[in-house]
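Residue numbering begins at 1 within each chain, and the chains themselves are lettered A, B, C and D in the order written.
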Amino acid sequence: MSAGEPPLNAPEIRRLTPVLEPGHTYASVTDKIASIVLTRPVSLGWLAGFGLAFSLMMVLMISLAWLIIKGVGVWGINIPIGWGFAIVNFVWWIGIGHAGTLISAILYLLNQQWRTSINRFAEAMTLFAVACAGIFPLIHTGRPWMAYYMFPYPSTMGLWPQFRSPLIWDVFAVSTYGTVSLLFWFVGLVPDLATLRDRATTKPKQIIYGMLALGWRGSAHHWQRYQSAYLLLAGLATPLVLSVHSVISFDFSVSIVPGWHTTIFPPYFVAGAIYSGFAMVLTIAIPLRKAYDLQDFITMRHLENMAKVMLATGLIVAYGYFFEFFLAFYSGNKFDVFLATQRLHGPYAPYYYALILCNILTPQLLWFQKMRTNVAVLFVMSLVINTGMWLERFVIVVISLTRDFMPSAWGRYQPTFWDWSTFIGTLGLFVSLLFLFVRGLPAIAISEMRELVAHTSEDDA
Amino acid sequence: MDGMSEDGHLHDDNHDEAHADDLTTQAYPLDLAAVRRKLQDKSGKQYWRTLEELAEDPHFEDLLHREFPRQASEWDESVDRRDFLKLMGASLALAGMAGCGRPDVEKIVPYVKQPDGMVLGKPLFFATVMPFGADALGLLVESHEGRPTKIEGNPDHPSSMGSTDVFAQAAVLNLYDPDRAQTVTNLGEIQSWSSFLQAAQGFAAGAKATNGAGFRLLTGTITSPTLIKQIQDLLKLYPQAKWHQWEPAGSDGAREGAKLAFGRYLNTVYAPGKADVVLSLDSDLFGAGPGHIRYTKEFTRRRKLTGPDSTMNRLYVVEPTPSVTGATADHRLPLRASEVGIFARALAAKLGLGGNASAPAGSEKWLEAVAKDLQQHRGASLVVAGEQQPAEVHALAHAINAALGNTGATVYQTEPVEGNPVNHLDSIRELCGDMDAGKVDLLLMLGGNPIYDAPHDLDFKSKLKKVRNAIRVSPYFDETSEYCQWHVAESHFLESWSDARAFDGTASIVQPLIAPLYRTHSAHDVVAAFSDKQGVSGYDVVRNYWSSAPGHSMASVDQGWKKWLNDGLIEGTKFAPVSAAPKFSAASLAPVQATPAGQIEFIFRPDPAVFDGRFANNGWLQELPKPVTKLTWDNAALVSPKTAEKLGLTQHVASRGGEHGQILSNVIDVWLSGSKVTAAAWILPGQAEDTVVLPLGYGRKRAGYTGTNKGFDAYAVRVSSALWTATGGEIKKTGANYPLACTQYHFNMEGRQILSSASLEEYRKNPNFANEGAEAPAPGLSLYKGEAEFPYHGNKWAMAIDLNHCNGCSACVVACQSENNIPVVGKDQVMRGREMHWIRVDRYYANTPSATSGTGPGDTTKYDVSLDNPDTFFQPVPCQQCENAPCEQVCPVAATVHSAEGLNDMVYNRCIGTRYCSNNCPYKVRRFNFLRFQDWETPQLKLMRNPEVTVRSRGVMEKCTYCVQRITAGRIEAEKQNRPIKDGEIVTACEAACPSEAIVFGNANDPNSRVSKLRAQQRNYSILAELNARPRTTYLAAVRNLNPELEKA
Amino acid sequence: MAQIFHRSTNFISRVSLFGTLLLAGLGLVGVLALARSPYLTNQRVVRSQPIQFSHKHHVGDDGIDCRYCHTGVETSAYAGIPPTKTCMNCHSVLFANAGYLDPVRDSFRTDQSIEWVKVHRLADYVYFNHSIHVNKGVGCSSCHGQINQMPLVFQASPLNMEWCLDCHRNKEMNIRPRTEIFNMDWKAPANQAEMGKQLAAEYNLRSTTELTNCSTCHR
Amino acid sequence: MIHHRSHTYGVMGEFAEPEAVVSAAKQARAAGYRFVSAYSPFPVEGLSEALGLRRTNVPLLTFVGGLMGGLTGFGFQYWSAAISYPMNIGGRPLNSWPAFIPVTFELTILGASLFAVFGMLALNKLPQPHHPVFGVARFVHASTDRFFLCIESRDPKFHLAETARFLQSLHAEHVTEVQDD
């Protein structure tokens, strides 16, 4: 957070924008959140939105079918640009998938109360983003049906995966991340599922939620072990979330391709991930609180804090960009120097400048509280930053490959229709899942909100 | 290599009608033989009726299928099914091309009677020759279970000396080309051979009546003694008949030049190996033309550097457009075609041969130096005139060589190799005249394609229409065939018996390796059909000729035959030199003017890939990046950067594919000699100013699936008055752009340690120049201290490529494609940067300034003088087989790993296609099957494949393996005999093909191996050594032997 | 409120939770086992042939040497299936008009090949060479089993990569003197270990590293 | 412990505020009750201390899980690369341990997390969809806004009437018997 502003827990700020609007009781928060799932009728808006998202998801299915029928040649990739949109999208989605766990885990460890009302759907978003990301490493291979070679199983060939390859690290990192995020999310859900079970009015709902709640009854014994496990998970997820994008960055930094082979990648990839992650959380939170009038729970305070996180991580990313150049020229490696100049003058320069505009210049507005507290600005900015982060991956993956060591093999890359349709398709998948989630599960952690009520009431007392 | 014992066995038999008949009859109750008999005595229309009569028959459909060549089932019929099973069963089933999953029941189909000498799984090699123009290339053809699969050079043959060129390498694809004409047709309808024979007899009788007055014969250049004899006998039979010849890319200049100089047609043979100084007057001595492979070998052997103290010959080239010869030159001077003649006159004058011509502007100094150099090397110098140059330039060359005392030393004359040498232009002109006058009622055309390639103004097509009966023998049903009553599908030279003479007169027997795949026949059969010895087999014709040939007898043939086939040549047939002093003085030449400066000069050149158009349907050649331009699938009008600037022509890189893929070029209308052709312009550094090259051989209208409508047809503006050089044309920009598939547009090394070169002096001063400027990390400089874990004890395979030898001819590329079952991907995929060649030949211009915008000459914003005449270098790049292979480390499934002999193994069936290895390959030598590029359907192509190499399918990475199949074969043989592998025992496909002996493969652990010796040289360096990938493929820096008196412009 | 779930669901839910995990594991094991089972390797599957040719009779009883028919085995990658001519060498005289030899005579007369059913089908993409194995002390029976006791030939070994590697890694235990190559009844002697070592040295067998290189079998 | 089989599971009282249930728990303990359990819609500070619960051993399980994951992770990589099928990969040593770290790390986290979650579930004897307390009508509020204290019948000091009265003395509302059907 920037200088000149009082610290978060200073009373006046609290009065300005509390984490939870006053006047709420255990019952009221529970009613409000549970009702979205249990009693609220399906709205036209929801149907329209879901319909659109679903049809985009179908576009994804068609694209994948065509891809399997014809081969990865339907994309724009070639020699030398062996990786194109598929990997760009993969890294982008994984990056977005970082906010959720980060919010739940790190902010939990830092005991930041404002995390409470956003962690649930942030985690959900993480899972969906990872699901989208997970598609790409599989389908970008030439023979997806052979992808099981990447898993260590006792084959009749007596062969094992090649553990020196960052791609194998990816397999483990992404699957671990997916699993742990899922566990974390589910553990958090259990008490709320119990709530839904108890408040459900129809037998089917009772049974479904009852099954999922595993018979949770909120006994002190449960809570004790529960909290211990939850804390441990948070402690485990924190290094994990940092490691995952580091591993992703190894895909590049471990190679020898100029523009990839640089030590700055792990930290700046992680920062970038958090950056895009929070941007995506905002992109979702702002419409969500509007649609289900949750302004009381997701207050301006949350939005502002997220804006501050974006500003901070955005600056780290900017530092990363700068340092890429610094390293190139400081090392004097002629290939790196050449690539650096390529970014500024080469045929793809416009992409690079667009990236600077989106990721470095625009976010500087966030220095001003006016901007941080202006919902519309925040929403637009979150979209801009998401675009910017996508461009960053494009610049790293594609531009570096277009002109590496042998001038005779230099080439260029142009995405095809199928590149785009696959990308847009995953957006459809992501949004569809979000829509289903909002309707089916409590978008905000009820039990934690009750805790918050307890705390705030103490404070008021 | 001893396989001729079954010559009669392999071929000849099992291809007569009766055979095919009895197959169909046993398959179907319907008596097809009877039907055929019925059909044969009917002409076209009734033919149909007869079929309709048959239509009630239940098997009519099948019959129809078998009778029409365009039908699906036709192929099985034309090679009869049993042959097919024999061929496929034994080898294909074992070649591991089947799919995966639960293995289903398969059949093994053994021979009934196995040919002697054949061992399943062991290839046999047969010696034969490939007739080509006025030359014949000696070959050893590899045959798997009776399928010719790979072509190598015959070391014992004078014209090949063990090497080949792109055409020879690609010939095997022509053999299996599914688009080949497959049977005899009359007015487009299938006819049997016997019905053709009957027709021929009819024509013959008619011709006899008139003593053959209306009988004309049109052939290309023929060097087959047997065929020549057959034709001469034919002409005796029909005294009034005439034999015309037309070779579109042949050299009347050379013929008439000899006449001019010596008073008669003579054949000129060079010995570059004996020359210290060579001057080429627009001659692509090493790129094309008779003997070019031998000349390349002899020449480059004189450039072998073993150390700073070794000596080199020197090559001067004067040429209008860059050729591989020009690229090899120590000094190259771009002059317009017309100025080359002037230059020759000036040189003659300077050497005191009379005349007072002065050198073309700007070349005086050059001329000075060259003349001096030549004089200093009297008797050890050589002047060669280009095939496309007019007679007087050749005459001058003869005179100069004589004056320099080179005749007999570095050059000599022999009797013509071709039968009945004539001036082709006059010959075809006369023929057209006769046809126009209606004097021709029977025209027999052996090969060629005059409607496509005869001079435009002669309008061969309309005149051919006036011929009552035109009979065509040709491997393809092409533009000309459409206007011929009869078309006889011609057999491939690997399918039929014949003979041919090489550039120096050496004669060889052409022996077939496989029974004709289709119902094809050789020119011998057809000529015989019109003679009094109809129906005699090619085998007998050839044997008969030789038993009656001068110096031979029945007996000598009988006992010599096996040896001839075995050696691939008939000893003692080489022509003796004839002592001919040029009785010609330069002074006698009428003075000429060069085309005035500023006026565009159009010149025609045969295309380096499809030649005069005969290879247009060959995918390997179409996709072969042309040596200098690196264009594929198209020809383009070549212009110099300066001229381009003047005409406002540009080209730019399309973002799809980019520099190594798709280039958008301006389209121009070329108005020349009254007709127009629309072409894409290509800006070519090193081209003479105000010169536009129109490459021949493209724009075919009917070439087949691969070759039709590719590029533009330069013949459309080529007229008899200006066969090679035309002026007075004009160029109009259409404003349109045309996408060209160019595999390497960026020509600049960006100051990187990629291709090292120096002048001889520099090299002597600093022998280690190649390794300076690149700091190669010391061994063991690694995070891991584990490198010692992999010492390479046994064999340590390595390849050394001497850039001082490579002239970019690209034979290695096609050889590799043929050896390793590499698919053809087509223009669109090449434009996307997805071509599959395992070895590529990079072309760099050394003295050009850095163009980091990454673009080629086309859009250098400012015209750059160094592009007028850049130093051109070629660098073949196969997989570098790095010891610290970056590709291996990043493969998630260990599909590419290192072998104990240092090979970078690529395991296709383990590869899942992440393409990470390719990204991480600094040399970008890996190729990926982005789509299903391999043709799995066409049965002919299956026959062509090398059973020793996995056929890759979609989604798999592939790359050069140093021909691991050859290594394995060699190792197994050696191990069976419990001995180490001898140096040179294992030869990679590229090495075997290379005419300039630039590529050397061997065991780096054997200090005496050729490769070790090369690696020991100081010139030896590895590309981008600072990356510490430790390539096993290393390069020896190029050295140019500069004339101190000519410091480079 | 009333109980939603009956007491039994406690047990059911736990069982189902851990049961699914267990089943998934078992499923994997099953697949791996199947891949090695004769169902997929075709091991010990007896194929009936157009002519019920008995190796037991020809090799076991008549004692005809393998190489009489499989001529390529010492020189070529393929041992080779004998051409009909080879059969006729004897059967033009012996059993010259036995009915069950009609296919042979037909083939010889009509010049139509006999279509045998393939028994040993090596995995795709493997380039196996008979001659080098035979020359380096690997006997026929090592891979093909005791052909001389097979009326109809079946595939004796799994022929999968594990199996190949096993031999390439323990070559000493799997080679025999060159004189014993075609001895179908050869059994490894007690001192196989040291005999194998001697032979390996004598025959210059390549190191295990070299023998397990990918390019040893794959190209 | 002996499984006490009876038709009464225990007696349950309801409280409106967390503080109330905490103090009630304290007093129950003070009164000598040992088998006391409390139910709340969210973790109430001090409640487990009030009930005198022992420290949970979820952390121990987690540690074990992490250890196993890490060891198997590295061990397997080493075995497969150096022992099972040693290959020369780009000249890197067979035991390229730095390259094996990422997977080892990930597997450590995975093992620990799985053990933490499933350990917690196991210790809590979940899943357990059926439980006597669900039989209590007002227990639905346990997951919303009410706090419950239950003294179980297996408590040696348990006596249905006594205990009920005791609970009422703690100002518990709706004191009810919990049937164990």
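To be clear about the criterion, contacts are C-beta pairs under 8 Å (C-beta built on N, C-alpha and C of every residue); 3 or more make two chains touch, one makes a residue touch a chain.
Note that the structure is predicted; figures quoted are calculated from it, not measured.
Undergrad: Identify the chains in contact with chain A as well as chain B, in label order.
TA: Chains that touch both chain A and chain B, as defined above, are C, D.
Undergrad: With respect to inter-chain C-beta contacts, which pair, A-D or A-C, contains the greater number?
TA: Ranking A-D and A-C by C-beta contacts puts A-D first.
Undergrad: So, what's the distance in Å between the C-alpha centres of chain D and chain A?
TA: It comes to 31 Å between the two C-alpha centres.
Undergrad: Report the inter-chain centroid distance for chain A and chain C in whole angstrom, where each centroid is the mean of the CA atoms.
TA: So the centre of chain A lies 53 Å away from the centre of chain C.
Undergrad: Could you state the distance in Å from the CA-based centre of chain C to that of chain D?
TA: That pair's centroid distance is 58 Å.
Undergrad: Quick one: report the Å distance separating chain B from chain C, using the average Cα coordinate of each chain.
TA: Centres of chain B and chain C (C-alpha means) sit 46 Å apart.
Undergrad: On chain B, where are the residues touching two or more other chains?
TA: Counting only residues that touch two or more other chains, chain B contributes 886, 889, 894, 897, 899-900, 910.
Undergrad: If I count partner chains per residue in chain A, which residues reach a count of at least 2?
TA: 157-162, 164, 166, 168, 197-198, 210-211, 214-215
Undergrad: Of all residues in chain D, which are in touch with two or more distinct other chains?
TA: Within chain D, the residues that touch at least two other chains are 85, 89-90, 92, 96, 127-130, 134, 139-140.
Undergrad: In the complex formed with chain D, which residues of chain B make contact?
TA: 783-787, 789-790, 882-889, 894, 897-900, 1030
Undergrad: Okay, in this complex, where on chain B does chain A touch?
TA: 653-661, 744, 746, 748-752, 754, 829, 832-834, 840, 842-844, 852-854, 875, 877, 886, 889-894, 897, 910-916, 918-920, 922-924, 926-932, 954-957, 1023-1024, 1027
Undergrad: Touching residues of chain B toward chain C in the complex: what are they?
TA: Listed in rising order, the residues of chain B that touch chain C are 82, 85-86, 89, 93-94, 96-100, 102-103, 105-114, 119-122, 794, 897, 899-901, 903, 905, 907-910, 948-950, 961, 964-965, 967-968, 972, 975-976, 978.
Undergrad: With touch defined as at the start, can you tell me which chain C residues reach chain B in the complex?
TA: 39-40, 42, 47, 71-72, 75-78, 80-85, 107-108, 111-118, 121-122, 124-127, 129, 131-132, 135-136, 203-204, 206-207, 209-210, 213-216, 218-219
Undergrad: Under the stated contact criterion, what part of chain C meets chain A in this complex?
TA: Per the touch definition, chain C meets chain A at residues 1, 4-5, 10, 13, 28, 32, 35-36, 158, 160-162, 165.
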